[in-house]
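Please find one structure pasted underneath; my questions will follow.
When the chains are written out, they are named A, B, C and D in that same order, and each has its own residue count from 1.
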Amino acid sequence: MHVELRGIEKRFPGVVANHDVDLTIRPGAVHALIGENGAGKSTLMKILYGVQAPDGGTIVVDGEERRFASPTDAIDIGIGMVFQHFMLADNLTVLENVVLGAEKLHGIGEKARSQVREICEAYGFDLDPDALVATLGVAARQRVEILKVLYRGATLIILDEPTAVLVPQEVQALFANLRDLVASGRSVLFISHKLDEVLEIADDITVMRRGTTVGTADPRTATKQELAELMVGAELPSPELGEDTVTDVPILTLSGIGLTSDTGRRLLDDVDLTVHRGEIVGIAGVEGNGQTELVEVIMGMRRATSGAITLAEEDITRLSTRKVRERGVGFIPEDRHRHGVVLDFPLWENRILGHQTTRRVTRGPLLNPGGARADAERIIADYDVRTPSVHTSARALSGGNQQKFIVGREMSGEPVLLLASHPTRGVDVGAQAAIWDHIRRARHDGLGVLLISADLDELIGLSDRLEVILRGRITAHFDPDHVTAQELGTAMTGGAA
Amino acid sequence: MTILASAPPAVRQYRHLTLLLALAAVVTVSLVRVFTDESRMTTPGTLRLALIAACPILLAGLGGLWAERAGVVNIGLEGQMLLGTWGAAFFAYHFGAWAGVLGALLMGALGGLLHAVATITFGVDHIISGVAINIAGLGAVGYLAQTFFTDLDGGGPRNLSGYAVPAQITIPGISDAALWVSDQRWFLVSDIAAAVAGVTTRLSLLTILAVALVALTAWVLWRTPFGLRLRSCGENPQAAETLGVNVYRYKYIAVLISGAFAGLGGAYLAMVASSSFTTGQTNGRGYIGLASMIFGNWNPTGVLASSLMFGYADGVSLLSDNGPLVHALLLLLSLILLGYAAVKYLGGERVTGIVVALIAVALLVWYLAVDSVPADFTGMTPYLLTLFVLAVASQRLRMPAASGKPYRRGQAG
Amino acid sequence: MSGQQNGQVTRRVTQAITYSILPTIVAIVAALVATSVVVWATGAPIGGFVDTMLSVPSNRDTIIIVNQASMIALSAFAAAICFRMGLFNIGVEGQYIVGACAGAFFAGSGIVPGPLNILATLIVAMLAGIVWAMIAAVLNVTRGVSEVISAIMLNYVALTLAGYLVKTYGERSGYTFTTPKIPPSSQPLGFGLFADAPDVWALAILAVIVGIGYSFLLGWTRFGFDLRTTGESRTAALANGIDPRRMVLIVMAISGAIAGLVWMPSFFGSTHTFGIPEYFQRGLGFTGLAVALLGRNTSLGIGFGSLLFAFLATQSNRLQSVGVARDVVEITQGIVVLMVVIAFEIARRIKVRREQERVARELEPATTTGASA
Amino acid sequence: GTAADNDGGGEDTDAQECEVTQLEGDPKVALAYDVGGRGDQSFNDAAYAGFEKAQGEFSFEGTEGEASSDESEEVREQRLRGFADDGFNVIVGVGFAYSESVDKVAPDYPNVAFAVIDGFDPTEDEQNCNVAYLTFAENEGSFLVGVAAAEQTESNTVGFVGGVNNTLIQKFEAGFAAGVEAVNPDIEVVSTYIEETDPRGFGDPAGGQAAAEGLINDGADVIFHAAGASGIGVFDAVTSADIWAIGVDSDQYLTASPEQQPHILTSMLKRVDVATYDFIKSAVDGEPLSSYSLFTLADEGVGYSTSGDFLSEDIVASIEDYKQQIIDGEIEVPEQP
């Protein structure tokens, strides 16, 4: 189908997410929409899909102007969307997730089941219709999402940052599917901020910046630099390390760490790992292979069922999270909203979070609001956190600023070790560059860093050493200087290319 | 995290389990009955008591289930049930039995509507709204009763009686035969016969309706598109929204039905469990219903089982000189626990298994130490039993993922 | 710097007014109107109702209101400290029954002489409350039993148990059994407000003390911070060195301790003995829940809410004489809770939006997205 | 007597030392009801009946006040003071619950005559001369209906349902059992209580029905209840089982529904109306009752009803015979089961 978005505008409290957005999607092509975090891509797509109503502008489909009151309207004319954050009910089966809302097509019984099977056949998805979604991995979940769209016979398929969670091999598989779809006359709208992917798959490219479309590009002629210019008005910051600061003083040592779930599953299996002062060790792995558990075990949020953890000659295996933090471990959690901040606390109280026992922000059993405010001011200044005051609640800050504040907080009080999971996820380039800088500087001052990230470029660029984690085991070691994303991906998926 | 999460679809698995457990339980019961010679443990009369005591709780539990399956926690069941008792009395008095049932449904649904508006439209914390509704419900019923019942004959400021109630039926052949067999006190056979007799003798149509609603609920929620959509609102409303499901509508429908069921529970109290209205006659059964829903693992069959268990204990606690009987139940409980412990242990949950086994042994010791339980404690049986079973079983339970969480349209993605 | 501070202060004062006081007033008015509509719709004398409810209470009634409010407030604090941590302690009812029973037995035994007996009794009552609360708490952290359900069951058990104890170890008086009366030497004098009315119970002061302690604990201490954090986000708590399970145990214990005190003002102030039903006042636990919610789990709010509830209940005593069923005030009480919460929810949404707008406004011209923030 | 005026030295007074309470002005009568208030078809209504009768005869100004469930001691106290302050000088507290409050209020109003139905003086040491405690020999009345039950039963099993297991209700059970035993020791009396402590046992018809059905399963074919509003549940049970029930306090045949009436053998009458009337009358006559006055079979304070005429002549005869023996003191009816 042929879709035109003209002068779309969308305001959120305090944020103009979209304004003057123009976008044209032609049938039978892969159209890439690129832009950095917070550029307004998802918002635009939610508008096109009817989740959110635009404050202005028009949507024209096949020459006809449309108003979408709800996704139903969009679905009815053949638009389907795979969201950035998966939209699946864990405790329903694959089949139930797929037929939900489209029961009219083939009911919810046998007919639907066989229909689902057919589609899986056609696109080589190996999915059991009756499996609980909760039991599926990331890639499989994404296939379910695509299945949902196909089941409804969508002719325009929107994929919001589908590759963010995939390793190169899985990305290739996905692209293969996309090509099939286009070949069958459908249009695909593909959102990403990974430029080489875009150049590889796209037939048309539109660039968004600060909530508006700033131009289009032809993938056959365009270069990464040009696209980057359009996206952020500058070279994309690329992570790299300056001089080698690695010492041979181990700061963190894991030996034979194992973790078993209540149901007897091995989440971590005999993990050996050492981080030295001034060293950044990167952990590569497909999400859900034990990274989260690894961090939780080190932080004392969960007890290892076997093995020992040593921090600067001290055995911290059985220490509580608070004690571990008191020993000087900084922690940048993977989910800032769930672990990093309390959204409804003002910044100065968020400064205290995780540091309840440090002199500067508390006095023995009492809080030290004065100290906390002062130190929050310091972080805001040093880490360029954009906020009117320390009394502003964390919720009102953008993700990037929230993240910068967290980094600042975790760096305060000279930590000896920093656990950074996905430190720049969902953060704008400015913030991203800043955060990388801070990590590098800390490394220079002898800080040991354990870096976990799904962004392979970040891993390769920022790490002194790379470890690959697969099904809870460390399965491979790499020297970042001599490894490609491809090789890393292969290792991450257990060689299954 | 939970066992169910990694198992095939919760519902089916849970069914098999209950069937198996039920069978094992019946055998054990019969054994204990014969061994302790406490024949009242399974007389048709006792089981009928259990059934009648169970139904109001069952209906409240089902009500809670409907709401929570759509993601709304309904602590207001108690208040809605109260409104039901009044509605039943008022409408039955003036317009006849089934008008009363309808009135109860309406009044309950009214309470549900209040809860829906507060929680769904205004995003009020579900607990708060529920608590408020329980207070207001009690007040409203007290007020309405005093205002509308005082001057009726058979009525008073806090009570009303002498209105029509739904008929009772007895299935002639079966009932008599079953009664005869159960009187023989044969092992197993008589116990099962007793159950049959219990449900074929002087059975109120409302009881049949209540049990039918269990099946209906299961069918609607798990076998129809409507049910799928409704459950999706309780598991992941954002996802449902992105697929064109009108989450608000389904939540509203669910909570209205929830209130209506609770109201029906009230009607049951005022029409079958007794034929009169008294202000505040639910005496916390709404809360018990909530408990039975949780212990029933948010599944209709589970709710049925748990409310029957509670109803049985409740019935027993009212029997005359029931010390020895409750004493016998100690033995039964400890045996059942031993079995459960074994299952757990073999199922890999060593620690749980051992702990449960220890508890079972403790009970056994208690059983052997005394030969009756003082009346004050037999009165606690239903509550202690529920506590107990929850303590032992609760870890297997899983509530709808989005239950109790606020939802607002347009925030998806 | 200090100028900016002043700005902060004034802003927060205005915020307090717009986001706390205003909604409360709106809610109360709305509730009264709603109730009046009910009264009017059912053909009862609306005028009499309004007059009675809004009439100024007599001195004696005022004393009763203050006394009742003190107990309601205590119960509300017990509930509130749990709410603050996302726990729903519906078991306050049972906990204060057990506390009252244990305290009464102890006080009556007169083991400790004179005024000291009071202090000792309070401790005993608190301990009893703690024990009862711990049952639910332990089941919750070790077995994952919903504290709501276990508490509901324990409430029933508490009542029966107390009755059993009094029947077995108490002394008979008339047709009921009671605990032995407190020796006169241990009966504190109250605070006289009016010449023509009895004193306010001495231990009503407990409500004030607990209220102050509550505010201090939550606002100024590390523990309070941990508690609020856990309430806002268990995940964040866990990741930042707070053990939620431990918090549950401690907070339920504190809650139980406060619950244990709930009935003490009445016990030492007028009843001097314990016996169900005549020599005990039930239902305070549930009233407390509502008042805690009504008062937004803050000391001031709870103080205000408990007075409001006590006022409504006391005024309702005279509704009979104007021909309106007294139960109607319970409708008011229920609706007021609902209204307050709704009003505050709306206020909160407005607040969040305003704040986000402020952030954007103070940072840059509003034509750029959060991205450039 | 409150702890406050304890220090006045507990001078041991008794009835003799009391001089008659002098009412100021015309008698004005106030009824302070227990929970439920007028229209509850039992206790409170009975009191009102007595009040109404007296008012008919002596025409005086009257008023009423009603208790709410879970109300505090001082609220009851306040209710009484309210009456007294409004010039009511004859005040009847309907129900045991008023004992304590009357005991606290009475000393402040020496010229007001108080009465508490089922009441007692919680502070025996200093008696209040202006308070009358109107109590009943429920056990005697229950004895008579026990006789009726024993004569009527065919299964040789009769039942008793109590609302709450307290000493007052035990009085009913004890008398009932004694009456049955007197007729035929072989008849089994099965009894149960809806609640051990919780006063809600008097307001739980479902509980009443379940309890009664339990007894029916035990073989009982006549069931006596002392369970307040829960009693209606007992009537439901006996009605659907087509056996007999025995009402309590008032003649419940008169208030029962048409379906239930044919199953209400008799009722144990507790003449609260008589007590109330007598007290008001005594006050009007200027000599208000004071201290304890027990209403027994002898003075028609308790009894049994025959409405419905289900009791055959010889049953009535035998009841009357036992009645006489009790009045003559030949039979001592126990108060404890």
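Note that in this section a contact is a pair of C-beta atoms (placed from the backbone, for glycine too) under 8 Å apart; a residue touches a chain by one contact, two chains touch by 3 or more.
If you want to know which protein each chain is, UniProt gives these names: A = ABC transporter ATP-binding protein; B = ABC transporter permease.
This is a predicted model, so every value here is computed, not measured.
Colleague: Would you mind telling me which chain pair, B-D or C-D, is linked by more contacting C-beta pairs?
Modeller: B-D
Colleague: Could you state the distance in Å from the CA-based centre of chain C to that of chain D?
Modeller: 37
Colleague: In whole angstrom, what separates the CA-based centres of chain A and chain B (ABC transporter permease)?
Modeller: Taking the average C-alpha coordinate of chain A and of chain B (ABC transporter permease), the gap between them is 44 Å.
Colleague: For chain B (ABC transporter permease), give me the residues that contact two or more of the other chains.
Modeller: 157, 279, 376, 379 - these are the residues of chain B (ABC transporter permease) that touch more than one other chain.
Colleague: List, in ascending order, every residue of chain A touching at least 2 other chains.
Modeller: In chain A, no residue touches at least two other chains, as defined above.
Colleague: Could you pull out the residues of chain C that touch at least 2 other chains?
Modeller: 156, 160, 163-164, 167, 327
Colleague: Judged by the touch rule stated earlier, which pairs of chains are there in contact?
Modeller: Pairwise, the chains that meet the contact rule are A-B, A-C, B-C, B-D, C-D.
Colleague: So in the complex, the part of chain B (ABC transporter permease) that touches chain C is made up of which residues?
Modeller: Chain B (ABC transporter permease) residues touching chain C: 75, 79, 114, 118, 122-125, 127-129, 131-144, 146-148, 157, 279, 284, 287-288, 290-291, 294-295, 374, 376-377, 379-380, 383-384, 386-387, 390-392, 394-395, 397.
Colleague: So in the complex, the part of chain B (ABC transporter permease) that touches chain D is made up of which residues?
Modeller: 40, 43, 45-46, 48-49, 52-53, 56, 150, 154-159, 161-162, 168, 202, 269-270, 273-276, 278-281, 283, 314-315, 318-322, 375-376, 379
Colleague: In their complex, what parts of chain D are in touch with chain B (ABC transporter permease)?
Modeller: Interface residues on chain D, with respect to chain B (ABC transporter permease): 35-41, 45, 66, 69, 159, 165, 190-197, 200, 203-211, 213-218, 229-230, 232-233, 236, 240, 255-258.
Colleague: Across the complex, what residues on chain C touch chain A?
Modeller: 4, 8, 12, 220-226, 228-229, 232-233, 235-236, 238-243, 352-363, 366-373
Colleague: Quick check: in the complex, which residue numbers of chain C touch chain D?
Modeller: For chain C paired with chain D, touching residues are 60-61, 64, 67-68, 156, 159-160, 162-164, 167, 172-177, 184, 187, 266, 270-272, 276-279, 281-283, 314, 316-318, 320-321, 326-327.
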